[in-house]
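Next up, some structures in structure tokens.
Both of the next two complexes hold subunit A, though its partner changes from subunit B to subunit C.
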Partner chain A sequence: MRLLRALLIWLAVVLLFDLPPHGSVEATAGLPERRNVPHEILAIIVNRSNPVKNLTFEELRKIFMGERSRWPNGHRVIVTMMEPGHPEREVMLRDVYRMTEKDYLDHFLKGTYTGDIPVSPKTLSSSDILRKFVFNAPGAIGYLRASDVDGSVKVVRIDGHLPDDLEYKLQIGGLGK
Partner chain B sequence: MRFHILHAATSPVPLPVRTIVQGVFPLVLGILINTTTIQGQQIDSGGNVDRRTIQALLQRIEQLETAEKQLQERVTQLEKVQHGPTQDSATQSPAHVGIPSETVAEGQSEAAPEKVDANRNLLNIRGFGDYSFHGENLKGTASSFSLGQIDLFITSDISDRFRFLTDLVFEKGRGNNYEEDLERVLLEYRYSDYFKLAVGRYHTAIGYYNLAFRHSRWWQTATGRPFLFLFEDEGGILPAHNVGVSASGEIPSGKVGLHYIAEVGNGRASTPGVQPVQNFVDSNHHKSVDLNFFSRPDAIPGLQVGFSVYRDVLSPPLSPRVGETILDTYATLTRSKLEWLNEGLVIRHAPQGLPRVFNTPGFYTQISERFGSFRPYFRYQYVNAPDNEPIFLPVYNISVGLRHGPSVGVRYDASESVAFKLQYDHTDLRRQQSINALAFQLAFAF
Partner chain C sequence: MNRQTRPVTWRTPAGVLKARAFSSRLFDEHRSAWLLLIVFGVEVGLGILAMRDLLATYDEVESVCAGSVRGLRSIGELQYEAQEARRTTLYALTTNDGNLQVEYADQSRGADRFVTEGIMQYLAQSRIPRETEAGKRLASDWDAYLKARDDVLGLILEGSIKEAVRVDLTLGVALFDRVRQDLEEIKRLYDDQASQHLVLVTSSSRRSVLKLICGFGFALLFASAAIWAIQRNRMRNEVQLAKLQMDFVTSVSHELRTPITAILCASENLRDGFARRKEDLVEQGSIIVDQAAQLSGLVDQVLLFAATRTEPRYPLRPLQVSEIIASALKNMAVLLERSGFTVEQRIQQGLPQVVGDLQAISKCLQNLIENAVKYSPEERQIGLSARFDNSATDKKEVQISIQDRGFGISSSDLSRIFEPFFRSPRVVAAQIHGTGLGLSIAKSIVEAVGGRLSVVSEAGVGSTFTLHLPVAEGDAQPDTVRSAAGPGEATT
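For the complex of A and B:
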């Protein structure tokens, strides 16, 4: 009996010491519900010296289609794209270009041949390289997962919305515009 | 350790309570004492370990920060030597370390737009070619394998705003010979999206087809151009090439998407047997002028509608001068799968001093739809030149008359760069035997 009592008491003591300290329970109530996980949002980025802060979706499309050659500050537009196989590139082809990979290649090859498009987009191998290129080139525009954006580049609003707004449309795996 | 607090016989506390107190109290006290002792020992030893570790880490961080600062300073010095003072060193970020040097150079060249790096490879060459096997039911003609055109499309981004381009085409010459032709030779200056200037030899901005398809048959759905838009050396009746100045750009019009092209050039020669494209000398004082306006509205992706006006004065020998006016209008819809082209024009020749005007109307319509790698297509074309037209036959030795008829075919894209086409043409001619022709073409890009 004594042994049993001792064991029960010991168990109670152990449970008391193992209880988490008061106030450490994670409070989830009251936090706003987030529509998108940050790493799935595609942010449009430009060089920090670019005065453009907002683009309509149609303007964004024209820029990436090669129909815009100059920014308002006179710098030449340099469109950057990731290599095929990157999910970010798939989102751009699906939602911005509205083209397949083959149609995209044909569009720029024919555009440079007819003279409609002065320069094709620059293809870069990774998000890190793309971010560094946009940092260096005053006229560059590109895209990154929101989680890959840092202070070296500027995020542009699309139709007035930032990537963490509910109305923002560019998302990896989403329905798109 | 046992404490005899109360004697069992004399204690006023009930036996079970005494038992509990006697059993529990020493146990709890023992637990508390031991726990406190153990924790104290842990804190003592853990604290020593933590402090030493923290100090070591802090020292390491200081060393790394010093090394990073030295590296940054060295990179700044190297960049200043390599590229000149294009960026303020205070704004340098280590973010650019590790980018391929070519990428960095291109990015930084934006800050000094007129610099040219002589070591960069500026020349870009893309090629297009075609071979065919064809036959028709005209007497005296034999089915033949034909080498088509080899078109080297060469561009060079000379600087931020200047670009050079040329179409160097190897094509059929006299008989079975090849000849080379600089079909386009242009120096372009692009000031903005609203103004681009090109000087040299260009494709005249008449309508749609002459600008959309240039020389490559690989880009064309069908095996060849509509006969209205054949080139001069193929028996065409339009001034498809010109030498002069061409300005083009967008017209601020919002979602309407208006564009313009305005050109001034030598026009075409009007002496029989002479090269129609006047590359070096204009045979008369009159320059050709043409204007082309078109719209690409945002609301309907792929739609392009427009019209153009071309004006020149031809001076055939021993004949009155002829005012030449070409009016063209078109509406086209080109999307990933669907292509629908419609274009009509009239060539108006008005000999000076004569009351009569000779009008040659013509049009084509072409529709195709892609099903996987296959693209079947249909074209119908029409041109009707009067019998005594003063320019086509007398000057350029081209018999036009009335010719019209359908073409049906299918294009198969075997890969991104190779296409096979099979096409049947039926052409009705005024007071002549109809022509049926079959062609198999292999077109490619390289």
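For the complex of A and C:
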């Protein structure tokens, strides 16, 4: 019992020091420093002119679902997705949309038809094109493997976590939520 | 002493004298050719300079053209890439495919990078304020356009096509027009600079051509004037020579006529029987023999002169000075005796041997003695002295002098007495016979053996002619000096 209590205290201390302090979470341009980051992690990226630095997972989901149309700076939100077949897309469908491919298509078909969703996501053929799209379009948001990110785009914190944090949720290969 | 001393001396060594004489003769004979050669050299030099000027001008023109072409090509490329940046941006408007739009955006950015680098390069290379100003304006306008272009691209990618078109029409077109105008202005700058350079180069080229023409003209004028002067001088010389030769012929004819007349008279006397007695016959015969001998001497002198004109070469050997003097006095004994002259000799003892040919140097001395006799109508005494002179460091010599107290030579004639056929007007007026060849022959002979002849004279006082004869190798110290036996001058 003593052993279990000591273990719990140690765990609590570790969590307390490891978590970033609430309210001081900031996004950084690109990934200047990675600490043993596995390449399978997906980073959420926006245009460098976009003022948003942090999103909650729910905000992220709403944006990708087409439920949010404008950024705080007034630019239209443009969601970018990779073509079907890319593992990154599958992770997004599974972890963010929580939909199958068919459900995803139906969702946007229905949404654009009814007018609930102003613009359906842009489908791009590769991570390189996607990165360039986000670089060129001020309102664009997309995702890339953390290893594909460079200084031309900005990585957004999700729930205050950057891709190299242990608590970061979006990972390829089912390690996420 | 108020003796007018104007020595005519030739102190240069014999070898140098010969070389100088040879070069002088060579130059004299081919003076026009040498001049033309010099003029040709000058012309070639001028031509080379002018060619260098023209080649430098050509290089400059080439460099200006190349610089202009490079500059214009760079500006052309900048114009094309600027258009490309704009064109590819507008291509993005033509499709909804995000992939294609990104590709067009990529191309546009590639083109704009090229333009930006080109502008930076132009600014770095700009040399004059106008260029810098134009470059800065272009850079500023290009940045402004790129901002507008980025907005348009962003709007296109976001799907706001109408907004993109509006922004492009209101902002992009105007800004791009300014960029285009800036590029045109830079192009004009290149043109202006090339034109200015060409004007400068043309003027420089004209100057070169003018210089060349002036140079050639001057050289030709100079050559013509010089050739004219040479020809005129040569003609004068020829006229003078012809006159001298005529004088010579007259003089020789006169000299010939006298003995011939005497021979003729004596012969007629013999033929007509005016001389019957033995004494008369001997007298007439002596006249014939003497006059014939005089004739022979005259002919010998003319022949000797002719021989000295063609670079005489004598077999040189060491000679005793006493040997030379004895030979000359022996040959002149009859003349001296008949004329009633005495020779006062002052010969330094122990003189070294000299180099020369006995007969030739003796002949020189004889000519000098004969002149002394001929031109000393009152004083019947001639001085003959010989001394060693080692004052010159490079060459030691023995000087044999003949001194008379005769007419002397006026300063105006002094410089001409060694010219062939020259006879002083005073001498001619005094009806002293001669050919005007004696001194010329003496000078030629003594120079041919490596010596020289000098004269010190004063009109009405007398003359001293000195033969300077080189001392034989290995015998440069006179005995008296070697033995330190005192001054050693002897008077005979």
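Throughout what follows, the second predicted complex is superposed on the first by the 138 of 177 C-alpha atoms of A that agree within 3 Å, B and C clash if a C-alpha of one lies under 4 Å from a C-alpha of the other, contacts with A are read in each partner's own complex, and residues count from 1 in each chain.
Going forward, a residue touches a chain if its C-beta (ideal position, glycine included) is under 8 Å from a C-beta of that chain, and two chains touch if they have at least 3 such contacts.
Predicted model only: the values in this text are computed from it and were never measured.
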Checklist entry - Put the two structures on top of each other at subunit A: do subunit B and subunit C fit, or clash? => result clash
Next on the checklist: On the A-aligned overlay, A:110 touches which partner chain: subunit B = first, subunit C = second, or both, or neither?
Outcome noted: first
Checklist entry - Looking at the overlay, what does A:92 touch: subunit B (first), subunit C (second), both, or neither? => result neither
Next on the checklist: Between subunit B and subunit C, whom does A:156 touch in the aligned arrangement: first, second, both, or neither?
Outcome noted: neither
Checklist entry - Thinking of the overlay built on chain A, is A:123 touched by subunit B (first), by subunit C (second), by both, or by neither? => result second
Checklist entry - Who does A:67 touch here: subunit B (first), subunit C (second), both, or neither? => result first
Next on the checklist: Quick check on the superposed pair: does A:82 touch subunit B, subunit C, both, or neither? Answer first, second, both or neither.
Outcome noted: neither
Next on the checklist: Under the stated touch criterion, name the partner, subunit B or subunit C, that contacts more residues in subunit A.
Outcome noted: B
Checklist entry - In the superposed arrangement, does A:139 touch subunit B (first), subunit C (second), both or neither? => result both
Next on the checklist: With both structures aligned on chain A, tell me which stretch of subunit B collides with subunit C: 27-35, 81-89 or 279-287.
Outcome noted: 81-89
Next on the checklist: Under the contact rule defined above, give the subunit A residues that sit at the interface with subunit B and also at the interface with subunit C.
Outcome noted: 75-76, 78, 119, 122, 124, 129, 132-133, 136-140
Item to check | subunit A partner contacts - residues on subunit C that touch it in the complex | outcome: 98-99, 101-103, 105-106, 150, 153-154, 157-160
Checklist entry - How about subunit A: which of its residues touch subunit C in the complex? => result 47, 75-76, 78, 80, 119, 122-125, 129, 132-133, 136-140
Item to check | Residues of subunit B that touch subunit A when the two form their complex | outcome: 20, 23-24, 27-28, 31, 35, 93, 95-96, 98-100, 103-104, 106-108, 110-111, 113, 126, 153, 155, 157, 160, 163, 165, 188, 190, 192-193, 198, 211-212, 214, 216, 219, 255, 298, 301, 336, 416, 445
Checklist outcome for this item: Residue set of subunit A touching subunit B in the complex reads 2, 5-6, 9-10, 13, 17, 58, 67-70, 75-76, 78, 98-100, 102-103, 105, 109-110, 112-115, 118-119, 122, 124, 128-129, 131-133, 135-140, 150, 152
